[in-house]
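In the two complexes that follow, chain A is the common piece, with chain B as its partner first and chain C second.
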Partner chain A sequence: MADLFTHLVSARLPGAFVRDRRLQALLVLGTFLPDIGAKGLYHVARCGENFIVPTHSVLGLLVLCYGASFLLEERLRAGGFLALLGGALLHLAVDLLKDQNGMGAAWLLHPFSPVGTELGLIPTENVILLLPIDAAILVATWLLERRLRRVQQ
Partner chain B sequence: MFSNRAFGWKLAGALALVLALGAASAAGGRFINPAPWRCLAQPARWDGTRLWIPSARILSAGPDSFVLETEGLPFEVRGRAAVAPGDVVGVSGTFDAAGPHLRLREWRKGSGLRGWRRIAEAVSFVVLALILLNFLRHFACRPALARAEGVD
Partner chain C sequence: MKALFSDRLWLPKLGLAAALFAWMGHRAQVEIRDLHPNISRVAVFGDALRDKRVSVAAREVVGHAPDGFDLDTDVGSMRILTAERPPQGAIVTVMGRVAGNRRIEATRVQINEGWKWKRALNYGVSVATVLVFLWLIRKRFRLRLSEGLFRSRC
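Entry: the complex of A and B
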């Protein structure tokens, strides 16, 4: 996984354009959902390595987000589902940037295809180099949000 | 689809489907690499599994193979790679129970930044803690406040 800070930043920037603060929060939660699912199944439920594959596939995330949306009140559920799913797909997009020696960082078409996919742009050990970029994007997002809020007022 | 009708069935169905996908993946797939020590402990079980070792130090190197140290254990890798003892590399390949060893598929020299990853992880956990606090602010159930506002 990329570090959580990078995942957070990847959701905060598009989140600046979401007016409802609750949906904005759910978009951020959605970016953590694949890793919450994977780590929960692996470390807490003690499932095997292969069991967690659906948490990093499109179909698996679709179902996971649908289930998670039922933890929300009915009025918020449909929008919450889309926000969670958007965040989760952003997570996959960020993970795809990784270089895992050709092993694949996500199994997009699982269970229809066993092929793992990666773009191989960032070796996993180099994620520390993303921290200053993340911080800069976060500050830019904050400024953008302030400006958008001023325009709305 | 998102209504409260058959709430329990929808929630249980989604959960069951995720678990079924996981079970299907576990039963039929060899997607994610197991820990190298598991492969060495049970070579027959993991024979033919694709394995990725993100970072390990080379202990010794020959023309057609090299031995690296991972999780405190020596691990033989067969394949040609321009490496020398002391180098830090990431490798991937197929685990072979005979030996046991790894048939090299891809490799790359490490950048030496792996130790810094802990800092990135520490930042991540601080960020996660702040986010959870923020969530409590947005989603906390405050019945007393709701009653005062006449919501219920």
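Entry: the complex of A and C
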């Protein structure tokens, strides 16, 4: 898995353009959801290693985010669902960059196809080496956000 | 569309979502078990699974042989048939095809340098990220666990 700091950073740039700060937070939480779901099912619920596949598929995430949206109050639920789903799909996009030895980093079309997909650009354990770049992007996004807020004022 | 996200019948809707997710998980178990058998099955049913694609992630090289090297797995040592000779003690990921009981013909061997500290750092950074982020956004939401909901403060 790519570390969740990298996933957080991937959501901060699109998040800068979301005005509602609650939805902004849910977009970031959506990027955590696939891995929290997968690790929870595997380590806590002790499910089989392939049972977690829907946590990294488009349809599985649609269902997972729908379920998670019931943790939100009714008036925030539909928007919250879209924010969570947007974040979760960003997570899949980042994971697709990984090299998982041809086994696939995401199962985009599951349950219609059991074949995993990956672009194989960076070995999975080396994603952690991107931390300094992630931190630089985070600072740049924060500065952009401040500037946008000033313009709005 | 509005009915999907309303409070009305929220429990059956949540139950349906959980059931659908569980069905997808079960389906993945069955399909991928056939497509890429788990390494523990290769140890027992190797001949029956011949030519199936398998992956063994981040395991230690425990010895060498004329036709390859031995890898430590949860179900004991496994012979990897390949011309490559990663050093003993190295952590490697192997992709290959089942060639018999406890034998895998490698199509790709990847040496995972620094795997242990990178993995530990990955988990540490991930847990810290979630905890710090939840702390930072705590003011945007308030907990109403008695109602089973997170409520926004706005």
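By definition in this document, the second predicted complex is superposed on the first by the 153 of 153 C-alpha atoms of A that agree within 3 Å, B and C clash if a C-alpha of one lies under 4 Å from a C-alpha of the other, contacts with A are read in each partner's own complex, and residues count from 1 in each chain.
Everything below uses one rule, namely that a contact is a pair of C-beta atoms (placed from the backbone, for glycine too) under 8 Å apart; a residue touches a chain by one contact, two chains touch by 3 or more.
On a predicted model such as this, the values are computed, not experimentally measured, just so you know.
Q: Is A:P123 touching the first partner chain B, the second partner chain C, both, or neither of them?
A: Touch partners of A:P123: chain B and chain C.
Q: Contacts for A:F5 in the overlay, against chain B (first) and chain C (second): which applies, first, second, both or neither?
A: Both partners, chain B and chain C.
Q: Just chain B (first), just chain C (second), both, or neither: which does A:D35 touch?
A: In the superposition, A:D35 touches chain C alone.
Q: Overlap of the chain B and chain C footprints on chain A, residue-wise?
A: Common interface on chain A, chain B vs chain C: 3-5, 8, 21-22, 25, 28-29, 32, 41, 47-54, 57, 59-60, 63-64, 66-67, 69-70, 74, 77-78, 81, 99-103, 107, 110-111, 114, 123, 125-129, 131.
Q: Which bits of chain C are touching chain A when the two form their complex?
A: Residues in contact with chain A: 1-2, 4-7, 10, 13-14, 17-18, 20-21, 24-29, 31-33, 35-36, 38, 55, 57-58, 93-95, 107-108, 110, 112, 114-115, 118-119, 121-122, 125-126, 128-130, 133, 137, 140-141, 148-152, 154.
Q: Write out the stretch or stretches of chain A touching chain C in their complex.
A: By the definition above, chain A touches chain C via 1, 3-5, 8, 21-22, 25, 28-29, 32, 35-36, 41, 47-54, 57, 59-60, 63-64, 66-67, 69-74, 76-78, 81, 99-103, 107, 110-111, 114-115, 123, 125-129, 131.
Q: Please output the residues of chain B touching chain A within their complex, sorted ascending.
A: 1-4, 7, 10-11, 14-15, 17-18, 21-26, 28-34, 50, 52, 54-55, 90-92, 105-108, 110-111, 113-114, 116-117, 119-121, 123-125, 127-128, 131, 134-135, 138-139
Q: For chain A, which residues count as touching chain B in their complex?
A: Spelled out, the residues of chain A in touch with chain B are 3-5, 8, 21-22, 25, 28-29, 32, 37, 41, 47-54, 57, 59-60, 63-64, 66-67, 69-70, 74, 77-78, 81, 99-104, 107, 110-111, 114, 116, 123-131.
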